[in-house]
Structure formats: structure tokens, C-alpha cells
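When the chains are written out, they are named A, B, C and D in that same order, and each has its own residue count from 1.
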Amino acid sequence: MAEIGVGMLGYAFMGKAHANGYRKISYMTWPPPLEPKLVAIAGRNEEAVAEAARRYGFETHVTDWRALVEDDRIGLFDNSGPNNLHAEPTIAAAEAGKHVICEKPLGRDATESYDTWQRVQAAGVKHMCAFNYRFVPAVRLAREILESGALGEIRHFRGAYLQEWGTTDAAVWRFDKEAAGSGALGDLGAHVIDLARYLVGEIAEVSAMTATFAPGREVDDAFETAVRFEGGAVGTIESSRFAQGRKNALTWEINGSEGSLRFDLERLNELEHCEGNEGFRRILVSEADHPFWEFWWPQGHIIGWEHTFVHEIHHLLTAIRDDTDVAPHGATLEDGYRAAEVCDAILRSAERGARETVSYR
Amino acid sequence: MAEIGVGMLGYAFMGKAHANGYRKISYMTWPPPLEPKLVAIAGRNEEAVAEAARRYGFETHVTDWRALVEDDRIGLFDNSGPNNLHAEPTIAAAEAGKHVICEKPLGRDATESYDTWQRVQAAGVKHMCAFNYRFVPAVRLAREILESGALGEIRHFRGAYLQEWGTTDAAVWRFDKEAAGSGALGDLGAHVIDLARYLVGEIAEVSAMTATFAPGREVDDAFETAVRFEGGAVGTIESSRFAQGRKNALTWEINGSEGSLRFDLERLNELEHCEGNEGFRRILVSEADHPFWEFWWPQGHIIGWEHTFVHEIHHLLTAIRDDTDVAPHGATLEDGYRAAEVCDAILRSAERGARETVSYR
Amino acid sequence: MAEIGVGMLGYAFMGKAHANGYRKISYMTWPPPLEPKLVAIAGRNEEAVAEAARRYGFETHVTDWRALVEDDRIGLFDNSGPNNLHAEPTIAAAEAGKHVICEKPLGRDATESYDTWQRVQAAGVKHMCAFNYRFVPAVRLAREILESGALGEIRHFRGAYLQEWGTTDAAVWRFDKEAAGSGALGDLGAHVIDLARYLVGEIAEVSAMTATFAPGREVDDAFETAVRFEGGAVGTIESSRFAQGRKNALTWEINGSEGSLRFDLERLNELEHCEGNEGFRRILVSEADHPFWEFWWPQGHIIGWEHTFVHEIHHLLTAIRDDTDVAPHGATLEDGYRAAEVCDAILRSAERGARETVSYR
Amino acid sequence: MAEIGVGMLGYAFMGKAHANGYRKISYMTWPPPLEPKLVAIAGRNEEAVAEAARRYGFETHVTDWRALVEDDRIGLFDNSGPNNLHAEPTIAAAEAGKHVICEKPLGRDATESYDTWQRVQAAGVKHMCAFNYRFVPAVRLAREILESGALGEIRHFRGAYLQEWGTTDAAVWRFDKEAAGSGALGDLGAHVIDLARYLVGEIAEVSAMTATFAPGREVDDAFETAVRFEGGAVGTIESSRFAQGRKNALTWEINGSEGSLRFDLERLNELEHCEGNEGFRRILVSEADHPFWEFWWPQGHIIGWEHTFVHEIHHLLTAIRDDTDVAPHGATLEDGYRAAEVCDAILRSAERGARETVSYR
């Protein structure tokens, strides 16, 4: 079985999630498209990154990500670092001929995201922006239902990503404008925007507001926006880190002329589908013929959040092995850039108090 | 027991709901604050209104509402007619010294609503705008929880009123701009706006869009808006008549610094309350000490949509009997006017593509 | 419109529910099959029954139910009294030529129930045992689905009726063996048994246990039984007054070879239907073409517990007017008797520690 | 880090689940109590077991489980084979000095289970019966709530394990009496019985029925039983492979004098807790201080069915490393035996038509 050397930047929350993905690929998606070989992991704190290497099974660790770029054994560069370390390392790795996967948001704004996409694209490697929720089986099933035309003409998309930890002291870089770019918008909202684009299509206009509740904080704690899609659907998108009781509630509902779909990430194994006006049917997305389910268990033996990364990495490795497109099911860096344009439009709309048209470079 | 003569304009959907309310007041809210005596009902179609009179037990019927205004036996004028018959009859009845209850939206726009409120107010009678959802036990309980401070500082309100009958041929006046004023906005959205005001407070700003899906229709089929409240909370409000599978889904969620509340009119006997971040608790609002529950049954024996009107009329009759304020739990015509200002701001924002500040005359 | 004089025994919980039914029949089921004329109500406490007469609109009150039997104006005798007042007054009324409706359980045991049925049957009047949950729209819809064969061969019925007020001081007669016959079994379990018979068919065998938790109490606080139906389905039936958090939870689920149905009385407007193994679809039973819905509101405007009595009385009055059978949708006194045989078999099984066959006289 | 050599019997459904557990232990439960070294896997089909060894990372494969018993590198024998291969290999491995974990049901009947337990116990090794649902975080949290006394005196347990694949052609050994011992009872019911014992206590009496729906099948497709616990609680337990729409529905509810708990394996990240009669609160069991959650993700990032095995193996390896008891949180072979006694009592009760007392040797 062909191998691919993996170099990873970052070992915190996302690093753990991605590392678990590579580990499970080897035996749960059998045979794996390519056998991931965990070559090296980079982080600034040597003690911590050394332990991460032992823990996740990387052969070595380094304290400067440039060492990953220079390492010829590495064929795939996995950027699980903070937002301000997305652009430069990802570009450098791509220009060194490595395929890249980069956490979202791609850049801290649309300009940084655009440059990253353009330079990586020019390098001719496979690239993926890690919008992992495209790889929830229920989301993929929703996409299939939508592609079949079963929902008819789409009227509405209402999506939210609500969490409750906005007053925490942890993960401080996420509250730092220089490191993160934005707050709930880029962290949570970008996921909703990507799913809106994946499921319904491009967003044409936004009329938005933002709010910051924590005293002295530079980034948004929440945003709220009305949206209009190019196809004519209208709806709302919001995210907040101040929604008590909402642990990880990425929810969306789509209403079409022939039916509706809805989803809640806190119950990620379930998709609700209303055919016509017959009432919502709860599909426990875990049948042998459901998306990604060939990897897992008999029906009803549900999977968890971490498994989205297994599916995502499987998709990327397959694209690398077969030299096929990452799109449309995988988000490319172009998708990362396009989400960033929507985010920037939301910020402009919130600041100027005017509806903003989303346009692309 | 003291009686009050009731004259009603309209015998369709709202007329049936109000008539049922008066009938049940007499024996379910025992002893009733005042015994409603159904004096006369008005409608343009004589055959239909005559049958309505027989059916609901009105002593007589008339084909011109002015006959109600002139009838000295009538102490309470109930306007259950279409929107374009709200202002003139309500004002005339009030100026003839009758207490008035008028269906929502109060007027077809803020100006008409303002005039109606001002003239009725000047007449010195009790007045109520029939925002009946304030009288859902779960909504009243939510208000009590909010008043207790248990939710802390309010961060978010997200409300929607979704229905699915937008392609129907029935109830045509609701699609006629001259008769209705607006579409989903005044019909459904006004309810959300009133509850937002009742539960969270005044709305300061809106950034909105509207959509009309049915070809040739003059009024909005849906609207979407970001909102900011005077108290600093932000959120979204929307309504649509094109949401397949959503039968009568007036839903809202409120997030505060100390907890959250949520509600769905399709399960109107339930309120979900999250204290701190402990998870949502489903309260079946049907205990002996829950709001309005002194009128009904042992716990768990749920009530229906129609009972909101019983509570509403009981509240109004009590205010009339005791000469007490309809506010704050009952919506007055001032509340009707204020909701109309928000609706107008939403339409202006949608048309101008700019954030609008809500201001009152 | 033809009238029917109603005489009622009892004015407490069930009396209030039945009285409300008669009152609403007149205008909500339009035109009513027969116009109920509330002639007289009987109760032992004169002050209380006099107020009940004023409240519910009975022309007179009496303190001896025999006065109802002798009153020629009364064509329908409504027995809403306690269990120990079911047999004698119901028989007397029937033998005086009045149609009868009697609350459940019909008698305190199968023998008393059998005698009541036989003598009333012999009198040639219409008779109904007030198993009102047959008249929940979702239950009727379930019956229609079952009759259509859409569930295939029935494999399982699991039903429970759970409440939580077993430690209360109220409604003391329900804890008195002489007055009530049994405890949770006759009060709650009988409802489940009747629905099991209505939906699945006759119960052939039971293997049961009972429990009494409250010290010194004579009647069962709970029972648990495995059941086998004549058609081959197996399942469980239970009821308890000691299930904290369960307010009025009559729940059942039916599994057939081609699908499943489930129901919870706390959400009585909803029926869940799984076609094949496609997942449960939530039907909000409130469409224009759903059972009983011609009486009510647009879709999604839900009804309450009390409305089951409106449907039940409407059914009975129609059978009286048209001289048609109360069965199969209405429970007759034979159904009351048959439920009592199952209850007795459960008690025998619990006492003897052996499986009991249900047999009928 | 100390290692432990693992030898596994079986590579099908359970083998895959256990193998995944060992693989994840190494990096997700960090540092692992002992580092599992996958020495050898046994299966009769050489081609299949050879591929399983490659897939899951076992150093070698064998076609006779006796080779595992004789392999000195193996310190832990994992029996993931079919029921008729539980007793002999497990006993042999223990008597060769290896710790053992054996899939449930322990034996095909109580006698076989008893012998297995006794002989393994006598060998002085650590032993575990793989009732993995004890290791669902929500189940452990329920146990903690129960141990705290928060539910008061326990009145009821109602548990079911419902699946729908009873007509399938797959996994044929599960329908073979010689290989499986029983049908839904040992396969599914044993899980419910173990959780009943873990959460509420020993079962004293059963009154049961069984059913076989598939023509010619030797084992039960479903069973239904009333149960009485030694502590006085009563309830029902059932399982079926013929419940359409129920994918993997292990559900239970416990009612105590001070509150209730309920659970559904199809939503295994959730526990519902009613304190007093205040309504059920949905706890998304995923907080940093929730059971097992130190291994995983931020709150709301849910885990899957497979993770129960990670927790289970972690528990066992810790007991081996520290020489501590597997009980009470881990099920020992004694627990496996006790569950088998309850299963046998259910079969006897079903056959004899009499209530059976559960007694232990």
C-alpha cells in the first residue's frame, strides 16, 4: 500500500482531531487510499510538542514549521495551527510541492485568504480547507437529497452556530484580533457560511450586525445577518459564543417548495426530512447505504464528532492518490476564500449599517 | 353577576376563535369577571352572518358594523375583521364609549395604527390589541422567569413564525395589499415582534430583507431581519408562509448570561428552560401554580391554541370590571402601534438596503 | 334542530370535562347532531351541586341521582360519578329508557361490569363507556393507518400510563378499594387496555405484577404486565402513579412488519409513523383532512385534552340521532366489560404468580 | 510505558470494535494505563483473519485460538468470538495465566456462564464481561446520580432493547440455538439486564413471555417480562429484533421518589434527568467534568458508540496495571453469570407460564 508522509503544524484541539483522523484512516477505512505516515509535528513549545509526537505517533517533532516544509519525506502538510499561522506556512508548503490541508478560517480576512488560495493554486498541489462539517454523514445525505431536486426550489436557509463559552479564560488566541482575525464570525460563522454555500449556493447579499459582550474584547462575540442567495432564497445566519445551554449547536434548516431538511450538530447522526408538507421524518443516518457508512457499524451504532475528520482525510487522500478534484464535496482553498469574502461582507455591513453585496475577485 | 354586552365584527377564523372565548369564559373561568352577553355580530354576507349568529349564540346579526356602534346594549366591541376594517370601526366604537379589542395587526401601517391608538386612547375606554400569544401559559411563565432576573443580562432573541400555506387559494384578502397592508410581516411577524417586546424589550434597530415568491403577489411572503434591542441584545426575526413542514411554528429562544428559554407554538404547553449551562429542562406548563392553570385541569392534561383567547378575554373583562390597566400583560393599542413601527422599519430597511432605527411618534 | 335532554351525575373532574363537551358541541360541531339541553345535574353536596348547575348551565340540580332517572325531559344520562356509582344509576337510567354514557372503568370488577353491560344492553338504549382517548385525532388516525394494513403484521404493543401524584392527599376516593375497585389499574391501566384492544385487538394472556408503595394503601399504585394478543403480537402494559416527571404520559408504540406508530398523550396532537424502516415521521395531526379536524382550526393550531370529550359526545349524539352503532369507534359498555376482564386477569396473575388467560363470559 | 500483549479471538463486528479500542487507547487516553501490543488474532478462515491482522495491526494471525493461549507474549486474552466460543477459550486463557475479557452473553446459559466464571475466578486473573454500555458516559453519570441518592427510593425501571433486523440473512449464527444459546434475549436483553442490575440492583422475580416470528427459527425473536427488584422496584424489560424504525434503541427509564432518569442509546450522548417533578432536563453529557470526558473534546463535540469500548478497555487495563477490582463499574464474569441467571429465569417463566424467582448458585 502506498504511503504518504504527513507533517503537521499544531497539536492542540485541532491537532488532536486531525491526528486521530490519520491514525484511524489506517484501519477503519480499509484499505486506506494512502497509508498516512506521521513524519513530524511542529510546535513552538518543545516540551509540549515532543509529548504530542510521542502521543500521536509522529516520528519526530520540530519547533519551527519551516523544518516541515524542508522535509522531503513529507508529502502532505496539515496546518492545524492558529489563524495567524495559516497563510505563510500553507503557501510555503505548497510551493515546496506538498499537498496541503489547512484549518478554517483560511485567512484572517478575505485578502489573506485570497492570496493563500492563489499561491497554493499556482503551486499545482491538492488543497483543502478543513470545513469538516461537510463530512458529517447527515450533511452529505442532505446534499444528495438537494441535488436530487427533492426539495424543489429553495426558499429559505436559516443557520446558526451557537456555543456558550464566551466568558472562558481558555483558548485566548481566539479572542485576539491579531491572531484570529475575527471572533465568533470566523470561528463559528464560517462553518455555517460554508454549509450554506455547499447546500444552497452562493450568498449574494448580507444585512448584518455584530455584538461584543465581554468588556475590552476586540473581536465579535456574536453576529446576526439576513442573507439573500443568488438563487433567490432568503434567510438568516448567526453565531454566538454567548448562548447558554447551546454546547455545540450548529443548526440549519432549509425550506424548499417541495420539502424541508433540518440538522443539529449536537445530534449529528440525525437528519430530519419533510417531504412535501408531510411532517419531519427523523433519519438516523447510519444505514449501510448512507454516506461514509461503509466504514463503520451496523445501523444505529452512532458515530461521533471526531469521525468527520476521518471522512475528510479519506477524501483528501483519495484525491491525492487518484489525482481527482477535491471539490465539490471537499472544500478547497477557494471555498476558504469565498467564505472569507462573505465574512468580510458581514463585517462591512455591520460597520456601515448597509446591505452589502458579496463579490469575488 | 354583572354582564357586558358584546358586539363582534367578523365571523371567520378570528371570529370563531373569539366567539369560543366568550362562550367558555362563562363557565371555565368561574366565576367569570363579567358575564359576556353576545348581543350582535356584523358581517357583509347576510346569510353567512345570520348563520354565525345562530351558531355562536348572538342575539342578532347586522350587515353594517355601524349598527354595533349605535347599539347601546353593547359595552365591548370586538373587532375580528380583516385589517382594512380595523381602524374606522374600532375608533367609532371607542368614541361611542365602548371598550374595544381589535385583532392584530392594529393597522395596515404605523400611521394608521398610531391614529387608531390615539383616538381610542382619547376616548378613555379600555383597549386591547389581540396579541393572543402573550396568553399562552408558557409565554407568561417565561415572562415571569425573565422578570425574576433568572436569565441575567439578555444577549439574544431569535424568533420566527413559519407556516407553509403560501401557495393556497384561501384567505385571499391576506394577499391583497390594500386589505392586509403587508403579508407574512403583519400577519405572522407582528406576533414575533410583540413577543420580543413583551419578553426582551424595545427593538432599536433592524437590518432587513423581504421576499415574495408567488408570481404577481403584492405583499411579502417572507421577511428576514437582524435586530438590536435597546438593552443590547441582538438577534434575528423572520417569518414565512413558505416553510414546508412548519404548520404553525412560532418559535423563539432567549439567551441570557445566566440561562436560556425556548418555545415552539406547535408544542404550546411546553417551555424549555436552561438554568446556567445545565441543559434545557422541558417544563410541561400545566401545574396548579402555573399561569392561567387555575381554570383548567390536573397537570399534564394539556390545553389548545383556542385557550389563549379565553385567557385574553378574561384579562380584558377583569380590567373592565376593576378599571385596571390592560398593560403590561395585555397588549394595548399602543403595543399594536409600536409593533407597527417595527414592521414599518423592517419594510423601509428592506427597501432602502440600510439599517433602520425604530422611532416612535 | 332536535334537542336531547341531558342529566349528569357528578360535577368534579369528569363532570367538568363532560359539561364542557356538551357546551361546545352546540357551536363548534356545527350543526350539532343533536342540541344538548342541560336539564339537571346530581350530586350529594347540595351547595356544591347547585353551584355546578349555575356554572355549567344546568336548569336544575338534584341531590339524588334517582331524580334524574325519573325526569322525562332527560334522554341521555351521563354518569361522571365515582366508580362505585357507575353500575346502579347507569342500569336504572337505561331501564328508564335513557341512553347512557358512563365513565371508565365501567365497574369495579369484571362481574359488576358484565352485569351493567348486560342489563343496559337488554334495555335497548345506546350506551357508551367513556374511553375518551379513542377520540384523540392522533389515535383515530393511527387506527385508520392500522386498518389500511400499512403496518403489516403486528408484532408488538408497548403501552404505559404514567403519572406522578401517588402521594397526594387529593381525590381520596381513588385510593379507596370499596369506591374505586382498583388503583392505577382501573384508573389509568384501563385506558391503555382499551387502546390496545382498539388498535391491536383482543388480549389473550397476561403475566403480571402489582405494587403498592404508599403505606397502608389498599389499591395498587402500579402494575406491570407482559401481554400476548390473540393475533400473536406480544408486549408490555403498565401504569403507575409514582413516575416523577410523567405528568399524564399515556404512551404507546406499535411495531408491525411494515412499520411502526407511536404516541404520547402529553403531546396529543402528534403521531409518529415509521414507514418500513425509514425513520419516524412526526405528524402534527391538524390538517383539514385529519380525523375530527373539520371542527377546529387551520393546521398547526393545536387542540387540548378537553376536546376528546367533544368528539366523544359528538359521536354518541350522532349514533342516537341516526340510530347507528356506537362501535367500533366508540367504546360501548361491552368494551368497558372487556377491559374489566383484562384488568381482573392482571390482578389474578399478579396474585397467583401465574400467566392468566383472558376469557369472556 | 509498560506494555501488555493482546491476543484476540474473532475479527467480525465485535473484533473490529475491540481492535479499534486498543488502537485508540494508545493516544486518546494519554498516557495509557498500559500500552496494548497487538500480538496475534485468531480466526478459522485464514484469508479473512490474515487480512484482519494486517488491517488492525496484529503482528500475527492464527487459525486456532489455542495458539493464543500458548503464546507467552500475550497477557490479555480478548474473546470477541461467537457465544459458543466463549467458555472454553476464556477458561483456557485464564488458566494459562492471562487476564481475560469476554463478549456477552458470557455463556449460552447460566450453567455454562457459572462454570466459566468459577474457573476463571479460580485462576486468579482479572476478568471482564464486555457489557460495554456501562461505559457510556451518560450511563456512568446516571449511576453517580443514583449513588448520590438524588432519586430517592427507586420505584420503577423500564428498559428495552429494540432493533429491526430480525428478517435479515446476515449474522446467521445469532439465529442458531447451538451457537447463540438464545436470540434477542442473550444478544440484546442481556444488555438491559446488566444495566438494570448496575443501576437499580438485583432482579428478584420475572413474569415473562417470548415470541418467535420468523418461521422455523429456534431462538426467541423477542421477549417481554415484568420484573421485581430486590429493593422493591417493579418494571418491565423487553427486547426485540422486530421493531421497525428502532435501529439500536436500548432505552431505559428509572423513576424514584425524588426524581427520574432516562436514556436512549440512539442518542447516547444525552441523559435526561427530572429532579423532583420539575420536568426532564436534557444533559448533553460532554462537559469537562463528566465521566470519561477527560479523554475527548470540548463540550458538545459528541462521541460515538465505538468509544464505549475505549472506556471499557481503559478500565480493564487500569485494573490490571494497578491490581484493582474490575467491579463495580466494570462487569466481571460474575456479572456475566448473574445476567445469565436472569435470562434463564425469563426463559423458564416463559415456558412454564409462571413467575420465576431469580436465584444464584
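Brief remarks on what is shown
The rule is short, and it goes like this: a contact is a pair of C-beta atoms (placed from the backbone, for glycine too) under 8 Å apart; a residue touches a chain by one contact, two chains touch by 3 or more.
No experiment lies behind these values; they were computed from the predicted model shown.
Counted by residue number, the contact pairs of A-C are over half the same as those of B-D, the matching pair from B-D, C-D or A-D. By count of C-beta pairs in contact, A-B exceeds the other of the chain pairs B-C and A-B. Per-chain Cα centroids separate chain B from chain D by 55 Å. Taking each chain's centre as the mean of its C-alpha atoms, chain A lies 42 Å from chain B.
A straight line joining the Cα centres of chain B and chain C is 36 Å long. Residues of chain C found to touch two or more other chains are 246-247, 278-280, 284. Taken together, the chain A residues at the contact with chain B in this complex read 155-156, 158, 160, 162, 164, 205, 207-211, 213, 222, 224-228, 232, 234-236, 238, 240, 242-247, 255-260, 274, 276-280, 349, 353-355. Here chain A touches chain C in the complex through residues 278-284, going by the rule given at the top.
The touching residues of chain B, counted against chain C in their complex, run 13, 17, 19-20, 23-24, 26-28, 30-31, 55-57, 163, 165, 246-249, 265-269, 284, 286, 296-307.
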